[in-house]
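In the two assemblies presented below, subunit A is common to both, partnered first by subunit B and then by subunit C.
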Partner chain A sequence: MPETNYNHEMAFFVDMQRCIGCHACEMACAECETNGQESMIHVNYVNRAVSTQTTVQVCMHCEDPTCANVCPADAIHQDDFGVVHTANTSRCIGCSNCVLACPFGVPKKEEKAELMMKCNMCYDRTSVGKKPMCATVCPSQALFYGTVKEIEEMRPDSVPVNSFKFGNQEVKTKVNVMMPKGTHTLIVE
Partner chain B sequence: MFKLFQTLNRIAVIKATIAVVFVAFLVLLGSRDLQNFDPALISYLIGTLFAVFGIAYRYSVWLQRPPTRLYWRRSMSFLFSKDFIQYVLRSIRLFFKNILLQRFIAHRSKTRWAGHFLMAIGCLLAFAITIPLTFGWIHFELRPGDDVTYYAKVFGFDAGTFPLGSVQAFVAFHGLVWCSFLVIIGSVMMMKRRVTDGGLIATQSFSEDLLPLILLIAISVTGLGISYDYTFLQGKTYQFMAVTHAIVVILWLVWLPFGKFFHIFQRLAQLGANLYKHEGERRGMATCEHTGQEFATQLHVNDLKTLTKELGFDYDKKDGRNHLDLSPEGKRSALAKAHFEARKESGKFFG
Partner chain C sequence: MAKLPASVEKIIDKYGPHKAYPPQSGFEGSHEPDKLVKTHCCYCGMQCGIQLKVKDNKIAGFEPWMEFPFNEGRLCPKGVQRYMQNNHPDRLMDPIQRVEGAGFEPISWEQAMSKTISEIKRIQAKYGNDAFAMLSGVSLTNEKSYMIGKFARVALKTANLDYNGRLCMVSAGGGNKKAFGLDRASNSWADLKHAEVILVAGANISETFPTLTHYIWQARDKGAKLIVVDPRVIPLARTADLHLPVKPGGDSALFGAILKIMVDNDWIDHDFINNHTSGFEEAIEAVKDYDLDWAEKTTGIPKEQILEAATLWGKAKSSFLLHARGIEHHSKGVENVLSCINIVLASGRIGKPYCGYGTITGQGNGQGGREHGHKCDQLPGNRDITNPEHRKYISEVWGIDEKDMPGKGLTAYEQIEAIHRGEIKGMISICFNPLVSLPNNNFVREALEKLEFYICIDTFLSETARHADIVMAGSLHEEEDGTVTTAEGRVVRINEAVSPPGNTRRDGQILMEIADRLGVGDKFNYPTSEDIFNELRVASKGGTADYFGITYKKVVDNMGVFWPCPSEDHPGTPRLWEDRKFKTSDGKAHFNPVSYRPPAERTDKEYPILLTTGRVVSQYLSGTSTRRIGKLVDQYPEPLLEIHPKLAFQYGIEDRDMIKVITRRGEAEFPAQIVETIREDTVFIPYHWGGKQSANQLTIGTLDPVSKIPEFKVCACQLIVTGKKSTQELTDTAYQSYT
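Let's look at the complex of A and B:
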């Protein structure tokens, strides 16, 4: 990687409960140069038949990424900052292993291009100390990029959680989800 | 040094050694016991043998990784099945479309495809010319009493003639010149992307992304230098041109198994992934319990459950289901539901 000005003080905080489904983040995500103008963020209804609840999902940048482990082509790389990068275009064989194995449902397969693409936390911006595109435009601050101190002041009744349980598997991530105080793990049944 | 030998992968060393011995045997066979081997190309041959060892070694190690091994075994078993002819024809079609023409890159960007195609086709044509020449499989000779006709020999057998100074001779003997032009144009197109695209500038590395293009341009330019020398300089700088070109090519050959160019060999796995997907569709699709829609082949989902366990991930749930039974959208919704429930239990949805 080229020389960077990555700010270790800054972190990503997601609060899906605050997502209003406006899709502003999708539009902003498509402006990210590392995505090649494709939007990588996911906004979808949780269960449209019974609720208007929407959810937003960025790549959580797992500490031990399942996507990279199941990749048969060594195409997914985690850098020294813990950012899990989108597939290396020369290596990705478009097998979809990562798409199906990611516990958060993040990677997208571009079928015709035979390529997996995913959020890499706007590396062109975060590597020079700027905020990711989605976090700069989210009107409800479901997506927030800043320091832990800032988020603690903004959300005094919440706590950032970066531990998840999917079945028997615990997954730790670089990105945090804002949870009620006293929570240590978000358990997904 | 000894530590290096201890960490070598034994199976890969054996396979790579077999590959080198096999290529050396082909050189002996094709050059008729080195009778037709050109000693001036010995350094290229040694570089090529090193590259063969390195590529076979890395390929073997790569195939031992659980996800790669799974795809390899599955695609081979599907290929060598009762549907052999159908899958061979499908693979040949995809080989032309995705390996030789690299059409999938056009869906990423048309300019990018054009640049990559020019570069790749230039390299492949250059391989097709230089490898048989280096191995002594092809050579040209003049015969006593006839100094105006070239006799082409392949594997020591007569393979045709053409007159000295003819268009055919000009095209054939300048084959690498045409390849150099293709590679230079393609490399410059790709280099332009790498110095102007903000996303690439942020994520690329010198050794993985820029050095390969620089090496290809260097090989092509020094190769053109040899032609330039004997065409316009009466061979006065031949030694310099030839040595410079040989150094760059051999550096490239030695680096071939380690760097970005290994993707040339990895790319073949795309054919296997396609067979895997096609056979999976024939066997049946998996339906997401959340969306109620088909999202992948059941074969793929089942294989990934086994694979993730082998890699140390356990997504099994208490009720016997597995988190990977959900589609990507299902997983995102499951996470959002769990978050909602946790907030609800706390008595505060926000804060």
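Let's look at the complex of A and C:
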């Protein structure tokens, strides 16, 4: 691991209540040359017929990443800072195991390239002390990059949650979702 | 001869709009640019700071500018993609002239200039000076806006100069001048952060000013209550404490009713009213009968919600009221604004920390561009062209005889009417696409066709430019130095990142050469943009919009200076009225009586549905730039007709059905988007598109009597189910113009 300025205290927070569905995050993410004009973050309406509510899905960077665990080619690497990197292009065989296994539905297979692609939390930026591009531009700060202390001070009515339960599978993530106070775990039945 | 010279298909094939995308691995040099240039976004009134990456005199991308205090790197999708207007394949690279049957052909600057000068002289000799008019726009810098005000009066010697701010915030300007004697948002946005109640009326902030959202969310983190007044549940309203779904045209009734509730409950600041205002008695007399039953019936808002809003507002200790085009684009736009100001003044919550009020100016330089002589009735410093002292002062600055200063001219839409009447025969326009942005645009197109000579300065061949005899290839935002004034009154620096490519020229250079050829080159001798600004400073000195103490250095050193700033040692004024010295003749803030009156056009049996128009987050104004940026187009490729499921059910309309919308002025077809986020009696269409998909074929040209703003936000329509479903083919022809 090369020497970097990566700050271990920094974390990523997503607050769906603040999202205004503007897609600035997608536009900015796609600008990164390693993404080939594809966005690694996705904004979707929940149900536009009834509401303008949108969801933002970014890689949650699991502590024990299912995508890496199911990869038969050992192409997905988690670094010392907990960032789960996009598939190593020389190893990825385009099998889609990760796409099917991810509990959050994050990795996408780029059919043209026969490669899995996903967010690496702007490693090129975060490793030199910058914020990831999506959280930098997000005009509503539905995406925030900073410390837990900072967000707890700024947003006293909500709490960061990084514990999820999908059936019997418990998942801890590097990315936090902002939830109403008192929430500890998000349970998906 | 301002008719299209060839079929619209042929023109579009050559000049677009075509969608441009970045190369898959980014533009060459985006990873290692020659330089990063700190400047601002070219679009809305937020004027977010941004850094442009430059490689070999081309824009290669952007990098967030974290230090600029308003947005700290935050951007909306338009801001992220704004760099894509540079190096666009549709860019006009030479002056062009119309060729009957063929379209346009490139010509030399000498040909373009000599033809232009001879036509200006011919028309003015034959029909009089005012028969040659000018339309401009406030995406231009302060320097260009100022120079155009002088250019029209000193070089063209015409009274008929107006600008596209006439379609923007003139109602707010009119209201603010009546109430405060000065036209600027009263506070910087920083005062939003700790306001206890924020009331947003007719401002789709999360789509049109996305970066302002952060300030409102920060206030809510501290417990602020948010009230949103809008016929639609806009994204900002989705989580609001209170959403008041006002019927289009009902705004002044709502604010009148709130004023009455405040008075009835004594939720008013007697000391402030007694000591610092006038006209309170007349204002409450006008609303004395506006009880909740009347208000519910008139505004379409349940009375419990009106009472709750009045209670929240009335009892607040600090507050901020924001409004925008939603209440301003009305034939009573000024009255709507004054009805808002009345509840601010009654509360006494102005000129104090976290107590604010302001319009959110739409265009990039909507603030600065409306202060320094761009308007038909105005001279620099927000002076009045009919005021003898103001005329004398500016004539001295400009070095002309006061008798030669033209008088008050016609407003933008009135110019179109004057063309129809045969009073205006020639026109020069810059930075304005009236064929998309003016209401009732079939009438506008017919006017353009009647012009004997029309010259347009633009960077792309807009829908309007297609009708020009000559189009001069001007400069993009990033190709000319200057300043703009943001919606909060902060003067910021626009830096030239690249020089104009090929045979294009800076707008300023073009105007200076025309002025020179018209014989007044000595009055337009500006080696740099700073020279123009320094003249503007003097011209604005002593006016209400006083820039005299602002210098380029000070703007850069402080990342912006808020006017008024009367002397070089003055720090600028982020928050107005702390001294309680209002700029009215008696030094007091003025209440104005506002009696509700209905919109110009009401629904009836033939036209039973209300039509309102607005914007989407991925497009900016008439789309001259943003309809050419692939990713922005793809985000929302065509205008949709938003309709409530109950209304859709009445007509048997399903999602994506093509619906013909007909008004007394025109008709157009749009795919239906059935959503519960709109009133049941109202349909909505965004207006950014031209040709067959232009919502402004339908809108009404009735003007506010004071501000002369057209009533874009309400008219009556009928809906016809065509039996067709929306298809991709229909989308592809979205940009076609009528031939």
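A few points about this structure:
Just so we're on the same page, the second predicted complex is superposed on the first by the 180 of 189 C-alpha atoms of A that agree within 3 Å, B and C clash if a C-alpha of one lies under 4 Å from a C-alpha of the other, contacts with A are read in each partner's own complex, and residues count from 1 in each chain.
Convention: a contact is a pair of C-beta atoms (placed from the backbone, for glycine too) under 8 Å apart; a residue touches a chain by one contact, two chains touch by 3 or more.
This structure is a prediction, so every number in the text was calculated from the model and none was measured.
In the superposed model, A:E31 lies in contact with subunit C only, and not with subunit B. Within the superposed three-chain model, A:E110 lies in touch with subunit B and out of touch with subunit C [touch as defined at top].
After overlaying the two complexes on the shared chain, residue contacts for A:Q141 are found with subunit C alone; subunit B is out of touch. Here subunit B and subunit C are compared by how many residues of subunit A each touches, and B touches more. Looking at the shared chain after the overlay, A:V50 reaches subunit C, while subunit B stays out of its contact range.
By the document's definition of touching, both partners, subunit B and subunit C, reach A:R18. Using the contact criterion defined above for the overlaid structures, shared-chain residue A:F166 touches subunit B, although it does not reach subunit C. Overlap of the subunit B and subunit C interfaces on subunit A: residues 17-18, 33, 36, 53, 155-157. Of all the residues in subunit A, the ones that touch subunit B in their complex are 1-2, 15-18, 32-36, 42, 44, 46-47, 53, 55, 57, 66, 69-74, 85, 89-91, 93-97, 99-107, 110, 112-115, 120, 123-124, 127-128, 155-158, 164, 166-169, 177, 179-181, 183, 186-189. Looking at the complex, you find that subunit B touches subunit A at residues 62, 65, 67-68, 70-71, 98, 104-105, 107-109, 197-199, 201-205, 260, 263, 266-267, 269-270, 273, 276-277, 290, 296, 300-301, 304, 307-308, 311, 313-318, 322-324, 326-340, 342-343, 345-346, 348-351. Taken together, the subunit A residues at the contact with subunit C in this complex read 17-18, 20-24, 26-28, 30-31, 33, 36-37, 48-53, 131, 133, 136-141, 154-157. Every residue of subunit C that touches subunit A in the complex is listed here, in rising order: 21-26, 30-31, 61-62, 64, 66, 71, 73-77, 79-81, 206-207, 210-211, 213-214, 217-218, 221, 233-236, 238-239, 617-618, 631, 635, 645, 655, 673-677.
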